[in-house]
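Look at the two complexes coming up: chain A is in both, with chain B in one and chain C in the other.
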Partner chain A sequence: MRDTMRNRCVGVVFYVSALFLLLSSGAMAKEWKLSPKQSIAEVVEQAQAGDTLRFVAGVYKQANIIIQKPLVLLGEKGAVLDGSHQHEILVLAAEHITVQGLSFQHSGRSSLNDLAAIKCLDAHYVRIINNQFDNTFFGIHLSNSNYALIEGNTLKAQALNEYELGNGIHLWKCKNARIVKNTITGHRDGIYFEFVTHSTIQENISTKNMRYGLHFMFSNDDEYLNNTFKNNGAGVSVMYSHGVSMHGNRFEENWGESSYGLLLKDIRDSEVIDNQFLANTSGIYMEGCSRTQFHGNEFKNNGWAIQLQASCNDNTLERNNFQGNSFDVVTNGVVVLNTLKNNYWDKYQGYDLDKDGLGDVPFRPVNMFSTVMERVPAAIVLWRSMLVFLLDRAEKVIPAMTPENLMDNQPRMKPYDYN
Partner chain B sequence: MKTLGMLLFLSLACLACSVKPEPIAFGKASCHHCKMTLMDPKFGAEIVTSKGKVHTFDDINCMVNFMKEKALPQEEISYLMVVDMAKTKELIAAQQAFFVKGSSVNTPMGSGVVAFAKVEPYEAFIKEKGGELLTWKQVLDLF
Partner chain C sequence: MLRIIKYIMYDILRTRFMFIYFLFLLLSTIALFQLDSEASKVVMSLMNVVLMVVPLISVVFTTIHFYNSYEFIELMLIQPVNRKVVFWSEYLAVTISLSLAFLLGVGIPILLYGANASALMLLYSGLMLTLVFVSMAFLAAVLTRDKAKAIGVGLLFWFYFVLIYDAFVLWVIYTFSDYPLEKVSLALIAFNPVDLARILMLLQLDISALMGYTGAFFKNFFEGYAGFIFSTALLLVWMVLPVGFATRIFSKKDL
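So, the complex of A and B:
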């Protein structure tokens, strides 16, 4: 009885004090209205932690604004911050800063420094939401900033020369970032990760970037889900990382001499699941990739569906669809240490007498001619000729050049329905 | 006329097989070690073999690692070139270049090593960005 009384008392005291805190902080937070003629730096100087700065419509030709306290920057429709092609625009150097609804344009370009529209330095918990970036060198640049949320931004860049472009969203040494529903076009790399861990990249659209739609380096335990990477210089590249989950993405129309949908280089313990690879020069190119699962992916109309270099081992390819690719799997070695299981191959010509939906004879996806092409690329002029057809048939009966063990023992007779 | 044609053919044939460094096509060429597309003309390196084959690299550690992995013998390497950071895109002989490591500049593959052809620009660079001077031999031992 006494105990419950005491508990109740403590509870009441807690609520009253919480209410008091809430009210007092509410009373303290102030809103500042800014017009293009005012100096942003001065207002930032006067503002207290927790205040809101509201930007009314107009072009603010002010740059190098450094923010070192937790503020909320809100842009009304038509509020544009302009870097006059020379400067960095915003530098965030404190925790809990929000930037929302602003437009940024014409940041400076530099060959030595990574000038950005928004640069975050040791700024944890920043939120960058629904902003627009036009012709900025780097769009959003974070270093040493954890728990960032970057959502709903649109980034567009244009340049004649590749060195005049920076990355759209660039993260360096960050943790627990979330990058959601952004659209990035025309940058060097759409999204760039270096030394970034435990982060999520979700539902972004990255198109027509000069190099990669998404670029991962030395970044472990991250996931990217349901993104679209279309028509980029060379697709998506994931390098020197482990524990990366890649689910439900679309890799489309990445065409070119050294172009891929997805490049995996020195990757281990990762997952490539439920993705779509449509019309790429090479769907997946992998080198030094091990212990990675490739399940439920769709490979359609690619030049090569998978280029599996001999340095890959312990990978599992299961329940994938291979349709309309010129070459399904290519490899440059004879020893194969990867598992292929229950995939659908449109080139499979076997039969299914026991009607269990799985073919009764194994399928060898490595085509003899593709092995020749690995060694002599110019040989492609003979592709689809009578001679090559005969050689392929002979090779199927007596494998001599292609790796004997690289086969799917139970290929599926009908494609999986992944729509 | 016939001899002229013959001469022309011969000279063309000689041109085709001459061994010399080629300018790097930034934006198109990819690194022969890490497969990344070369984008930033401040960084980059190139090996030309005695047979005239050109290998491009986006960062100096890629070149060094490539040489070590392939165990390229010295006599098969005709040129070892690196990009002069002060003049971007211009290639200089690695053996004669000045290297700076440990500055605040990030290189494409994280080696942090940049190269200069001349003394003044690298001194100015160190003043602004920090780092220390290395010789090519020291760079070879780094990776």
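So, the complex of A and C:
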């Protein structure tokens, strides 16, 4: 709650300052009206820094428009820039450029170049707001551009093969970007971050992308808040980073053999708090992950709630809800270097004699049969049979195959109410 | 035939066993719904009831009933009635009454507390298991003349399919884990009706986990209707075969 308030405040301040900027520059800036017959490049050539280019409705079949001065590009309803399946459409190569309300379609495809609808090169402080992207290769592509604001855009792509697709929003070597309330569907990666620091990804919806909903590499000190990642080919992957905060996101229905709600690889000193993991094949898969806090998350109806590889250490899982998962925790070793505390497990059958809301006997979330399945995946056909039930009971009494120390000493009796 | 079925049904209702079975299912289902607010967890607990109790009751009740109505059967056969008609009337009457008791006992609370896809699948697989195990119990009953022996054979069927067979499958899967086992494991499952019913439930309850399996063959099986059709078809075979054998034995048997 406090977080959303803070975000809202930050948003308001941002808008007010943006308004002032517009008003103050509006006093001297000129407005150019463009129609589809005019050459955009010529108007851009004539315009002065701070001018506004207003695109009236119509299809502009013009591409490779390079903008090297701070302009405002405004699209009226129905103004469409078309790349004719061959070219890049807009290239922004100056600071303080705004692109708002335009539609982009049919950018070129290439396996050599990252052709994009909007490409930003060393363009700091760009603002890309409320645009529409249909069937573009890369949608918005930023490299070495700091303080970008990308807000309220809708990106849709359709292709049958991964090589025909680029990323929706692609950032490379950027700082302090804000990516807010975008909707991305059908791209390769919905949002892609590489070497991006101190940035925020907030309230985006990334669905049905062919690879990852969010792909995150070598990007430190970023936060992503309240996003929804649903039904992506391989879920969300966060790799080789530290200081990442993930709060209030929803990871839903990422199904498949190598599909993860959230894949964490070589992550340290991060936070995964108040997220929801619903009906994924794997809720969280973690490998080489250390000193990370997992609090207040909800794991529901996943195949595996958490796959905790033995290479993880000093992580804390506390006050999470585990409900209706086929398997709660699986691991591939016997050494336990992580802490599980005060979680709610719906499979817990202990008692609470002192009525403090915490169970009096520890809960071992690793199911014996999941260990068998790690070795022989085909054994899944026996899951939930009487035999497996009996074996599991025997294992609970005398742990032989499962790590004895991987347990929650004080499991919670009732689920936390996180709604 | 209808008239014979009617008389047998009266006879079954008179023993009150059916009523107790119905009441047991009704009460335990309601109790599970009361204890747990979450429908999916209730379905999971009920699944154990369906996979264990339903076959057991079907086997025991059918064999006992068959031997208790031995005199009635002998009496009927004195009349100018075909043996097959008598046998099939017995079979249908037992099947219908057990199925009804199950469907009402579990179905009414499910409808009251909210039906969903997995609950309906539970009813369906319970019904199929009833049909299969009644059929098997009839086979066990015609195999011997001794009541205790027949119950023993029926219980052995139950024990074999619920526990022993799965242990064998697990052993095979474990021993040959170096080989691709997808088709083999599915083929092995086909030889056990309880496993087939369980697969029907898994398709509802654990679909997220099932989708994690790497083999393309498995994936096609679990996705869409392939798994459902496969299981249903084989369960029907499991129902028809034992009762078919039983009919043949019964029509030639020296009572």
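Definition applied: the second predicted complex is superposed on the first by the 391 of 419 C-alpha atoms of A that agree within 3 Å, B and C clash if a C-alpha of one lies under 4 Å from a C-alpha of the other, contacts with A are read in each partner's own complex, and residues count from 1 in each chain.
Here is the rule we use: a contact is a pair of C-beta atoms (placed from the backbone, for glycine too) under 8 Å apart; a residue touches a chain by one contact, two chains touch by 3 or more.
None of the values given here were measured: they were computed from a predicted structure.
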Looking at the combined model built on chain A, do chain B and chain C fit side by side or clash? fit
After superposition on the shared chain, which partner residues are touched by A:374: those of chain B (first), chain C (second), both, or neither? neither
Between chain B and chain C, whom does A:95 touch in the aligned arrangement: first, second, both, or neither? neither
Using the superposition on chain A described above, determine whether A:360 touches chain B (first), chain C (second), both, or neither. neither
Is A:384 contacted by the first partner chain B, the second partner chain C, both or neither? second
Pick one for A:223: touches chain B only (first), chain C only (second), both, or neither. neither
Quick check on the superposed pair: does A:263 touch chain B, chain C, both, or neither? Answer first, second, both or neither. first
More residues of chain A in touch with chain C or with chain B? C
Which partner does A:323 reach: the first (chain B), the second (chain C), both, or neither? second
Pick out the closest CA atoms of chain B and chain C after fitting on chain A and give their distance in Å. 10
Just which bits of chain A does chain B share with chain C as contact spots? 257
Spell out the part of chain C that touches chain A in their complex, as residue ranges. 38, 40-41, 44, 47-48, 51-52, 162-163, 166-167, 169-170, 173-174, 177, 181-182, 184-186, 188-189, 194-195, 198-199, 201-202, 205-206, 208-215, 218-219
In the complex, the residues of chain B that touch chain A are 26-28, 30, 34-37, 39-42, 88, 105-106, 109-110, 129
Over in the complex, which chain A residues touch chain B? Could you list them? 111-112, 161-163, 165, 172, 188, 194, 210-212, 217-218, 233-234, 237, 239, 257-258, 263, 265, 285, 287
Of all residues in chain A, which touch chain C in the complex? 255-257, 259, 279-282, 301-304, 323-324, 326-327, 346, 372, 375-390
